[in-house]
Amino acid sequence: MSALNLDGIIGYPVTPFTADGERVAVDRLAALVERLVADGCHAVAPLGSTGESAYLDEHEWCEAAETSIAAVAGRVPTVVGIAELTTRSAVRRAQFAERAGASAVMVLPLSYWRLDEREIVRHYTEVAGAVDIEVMIYNNPATAGVDLSPELMVSLVEKIENVTMVKESSGDLGRMHRLFQLTGGELPFYNGSNPLALAALMAGAAGWCTAAPCLIPGATLELHRAVRAGDFETAFKVFQQQLAVLQFIVRGGLPTTVKAGLALRGFDAGGPRRPLLPLDEERTAELSSLLAAVDAGRP
Amino acid sequence: MSALNLDGIIGYPVTPFTADGERVAVDRLAALVERLVADGCHAVAPLGSTGESAYLDEHEWCEAAETSIAAVAGRVPTVVGIAELTTRSAVRRAQFAERAGASAVMVLPLSYWRLDEREIVRHYTEVAGAVDIEVMIYNNPATAGVDLSPELMVSLVEKIENVTMVKESSGDLGRMHRLFQLTGGELPFYNGSNPLALAALMAGAAGWCTAAPCLIPGATLELHRAVRAGDFETAFKVFQQQLAVLQFIVRGGLPTTVKAGLALRGFDAGGPRRPLLPLDEERTAELSSLLAAVDAGRP
Amino acid sequence: MSALNLDGIIGYPVTPFTADGERVAVDRLAALVERLVADGCHAVAPLGSTGESAYLDEHEWCEAAETSIAAVAGRVPTVVGIAELTTRSAVRRAQFAERAGASAVMVLPLSYWRLDEREIVRHYTEVAGAVDIEVMIYNNPATAGVDLSPELMVSLVEKIENVTMVKESSGDLGRMHRLFQLTGGELPFYNGSNPLALAALMAGAAGWCTAAPCLIPGATLELHRAVRAGDFETAFKVFQQQLAVLQFIVRGGLPTTVKAGLALRGFDAGGPRRPLLPLDEERTAELSSLLAAVDAGRP
Amino acid sequence: MSALNLDGIIGYPVTPFTADGERVAVDRLAALVERLVADGCHAVAPLGSTGESAYLDEHEWCEAAETSIAAVAGRVPTVVGIAELTTRSAVRRAQFAERAGASAVMVLPLSYWRLDEREIVRHYTEVAGAVDIEVMIYNNPATAGVDLSPELMVSLVEKIENVTMVKESSGDLGRMHRLFQLTGGELPFYNGSNPLALAALMAGAAGWCTAAPCLIPGATLELHRAVRAGDFETAFKVFQQQLAVLQFIVRGGLPTTVKAGLALRGFDAGGPRRPLLPLDEERTAELSSLLAAVDAGRP
């Protein structure tokens, strides 16, 4: 069981880089995290897929983790993302995050050579065993190349004491129904697929893991508030209003599009790390008009 | 055009680790490379998928590259594998390999966030632009999460001067026909899909990139010799004799199975790096009998 | 625009066969349709995927259509399913259905050779052009082998006057959000993926196309009623109660599992048509206990 | 074991339709079959995927079978294709083909509802049990929606006496290696993937099932002759010469492209049956120049 009781909007900052793309712009990262907290996010999750976790070297990763945790300053929980190919590298990062004061780590098992269940179980056992903080399983087959079934994730939660939460980003709502069903609603699961934001909350998700608050915090938080208040009409309306932005940022890759959107919002976060390239002009213009529509409350 | 004129069996060593799995066992790596050369491989390719390139930190990777190049000692070409998520990391490794004396680098563009063609072109442009040695494009969608079409690969070869070769590991023979067709047979391409070994050579592949010589060098080299000699009957026979081994090592993951096979051959290369786990007993026994069949010349 | 204003639960009967499997058991079909109407379905859709439409010869299909329409007797709309490989065969069935008094036809474009957009547009143009009744587009890539994007379906609705509705069975909730978004909520779309029943209704689906009322009509209708009444708490509870049954009948193939369930309910509908085989004993026992749980109101 | 000893080029005629598309143009079909035999095909296979078998009603199918068998007149074996959703319909066609004098039937198990192994085994058992002639298993997942593994196909051959041959059209050469391996080369298998023509023959295929002889009989037969003669150099050259045509007719759908090609060759076979549409002008021009290149012996 999770003692964190994470519930609500878990905001994912990008990791801003310096102009030459060579270093993490720690001041910009701190400022962005501050914004997410100030805007009302119920938790902050640096170094997720949005945060280009897998693209950072170990020093940068530690710097970004430390900076984010310090900027949150305990006002809300901080969940630090780990996306590593090797177990030892994931263990080191988890231990660093714990020492730096993270509330939990979110662990994505990257695959190069296909992992079997035995290997996945061992990976989570070693990483979780190396820390005392809680561990969130992260399933994101499209980026990680490995797909964790609801059954496997529930068995990990049952076997390993501090594995207590699941983030589901496969985009298949049925997986969330299945997680609820397998655990009688007892396992807190979080939705990581932006276009399923409303449906997932209605399906029992404890929260929504999203980079959208970097760009449209009001709409994102209002969706959650409305659902929790049982005001489905408003929830549906604000979901429709932001859906085009959610679809856009997912389709174009979160670091690429959210960094472009932050620039449109007047916040310089640099570009994504190569080989990722900045959003081109045409699509930046499209994003600009989609953000304007959300600001104007247009569907 | 490639000045290397690579032709034949390109042997892929695993990267042996120390007993605790924490360091590269450089002496074992040197010994294995020595064996591959002594057994007659026409080139050696350390740090490929077999060599767990993506699982090594930068220091280990450099150590393995240097060790392998030194062990080859110029007797045959050395092609060093690079499988990195970021362009800058791939550039650094390519430059190190060049300084260390590599004949060429083989570059696999790993993906976390999906790469578009613009990003792939930029990645190869920057990596190839950073060195003077030749660059082999490596297409392996199953491990890398990105699939390079024959058309895209040919356009990279046309655009970037020192991109001169292609390694195709998608498992689709039609892709090799297409590479031949698009370039009138002028582009040297290499087959990385072991079960297609014979068909690829018959389809015009300049060579076969394979870890099989770690275990069955005689059979592997004989297949190539027979094809080049136009002795198709022998080629077919020796292909059938080794096919079960090729299927086995591919199905179980190359580092996992080849390290198990090396232990069966009396060569200690340690286990694969976690989360990869050593081959279990049952499958090790199966591999043992498959190797015995090849040794006995049984189909 | 649809003049039918279909809203709610669209019940899908199986097509019962005689004991030898050779003929449609028209009296059983009439009895089953009568039950669906009596139980409160808002419409009835014979000859859907559940009704083994594609497995019937033309004479049988016409008999089943006629029987169903007569049994409904105008009390609710009747939507007749057409799943044909050739346009001319689909046209003949649509014309027969119209003459027999169908309210609408639901058209699934089966593919053997892959269809391009031009061919799909032509198919719908010819079938819809041959009748005056409304046409529902049916997207079910898993059974039909062709996947219609939301954009294509909306363009068909815009181009062809009596194409007025869409049934989405891809299992991807995002497609329904997209249909809503592309048409400002004006296009009536119906969910054909049972495990998405609740989410789809919350996402604006005008109805739920389902064979579940053959087995658990009370739970199915109560779900729809609760959603329409804005009683989300009840909707969620009754959805959870029936979810295991919905998952089961989808996983095992609807004709196979629903016919087994009907037998458990005391209604003889025979087996599915070969090569489909009746549900085996073990899974029939599993279905029996799942149905008992729904009857008892257990989650 | 097969007593037919089919070896070589098995030519697949399209099924010509009358100008209105409503009937089989039996005289044209007879003329096309005559051409295939006269041009040297080692067997003829009417009513394959190329022959739009699945798009014909039962009367048309029987007419086409009878016409083809009569036109072959016993000069070479005739293998008649059956692609039906229901077992009973497949049984009736197999029995008709036997009575009409077919040498064998080739059976493709179409799927609408997914078939499990039990159902596939039953289908072949019933169809083969209804006739005394030999049955060829046909695996073509792209058109049929069901994929038969080499292991399953070999088990069917072992279980059912008159199931004696396999046609593999998955496009995966490894499947053919596997068929050879599982049966020690004893099971005659035939390649149905045109771009694998050369590789399959080198891999032990007993023959090549292809519509290409409708358009380029000389090149097709020469490829087979050269392989059988052990003249690999010629085989490779003539394969390269015809590869672009093979890729083109596969990519555009065989009935569509081969009918367009026959028109270019001066043979009127009508268009494919709707929803399939005739090849558009631009691609017809492309095909024309590809055929001209083959005629000129250009690569």
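The chains carry the letters A, B, C and D, assigned in the order they are written, with residues numbered from 1 in each.
The rule is short, and it goes like this: contacts are C-beta pairs under 8 Å (C-beta built on N, C-alpha and C of every residue); 3 or more make two chains touch, one makes a residue touch a chain.
Keep in mind that this is a model prediction, so the values were computed, not measured.
Chemist: For the copies chain A and chain B, give the interface type as same if over half of its residue numbers appear on both sides, and as different if under half do.
Modeler: Since more than half of the residue numbers are used by both chains, the interface counts as same.
Chemist: If every chain is reduced to the average of its C-alpha atoms, which one ends up farthest from chain A?
Modeler: Relative to chain A, the chain with the farthest C-alpha centre is D.
Chemist: Please report how many Å separate the Cα centroid of chain B from that of chain D, as a whole number.
Modeler: It comes to 37 Å between the two C-alpha centres.
Chemist: I'd like to verify one number: the distance from the centre of chain B to the centre of chain C, where each centre is the average of its C-alpha atoms, in whole angstrom.
Modeler: 51
Chemist: Tell me, which residues of chain A touch at least two other chains?
Modeler: none
Chemist: Applying that definition of touch, give me each pair of chains that meets it.
Modeler: Pairs of chains that touch one another: A-B, A-C, B-D, C-D.
Chemist: Hey, which residues of chain A end up touching chain B in the complex?
Modeler: Interface residues on chain A, with respect to chain B: 21-22, 49, 54-55, 57-58, 83, 85-89, 109-110, 112-115, 118-120, 122-123, 126, 142-145, 253-256, 272-277.
Chemist: Going by the contact rule at the top, pick out the chain C residues touching chain A in the complex.
Modeler: 171-174, 177-178, 180-181, 184, 195-196, 198-199, 202-204, 230, 232, 236, 240, 243-244, 247, 299
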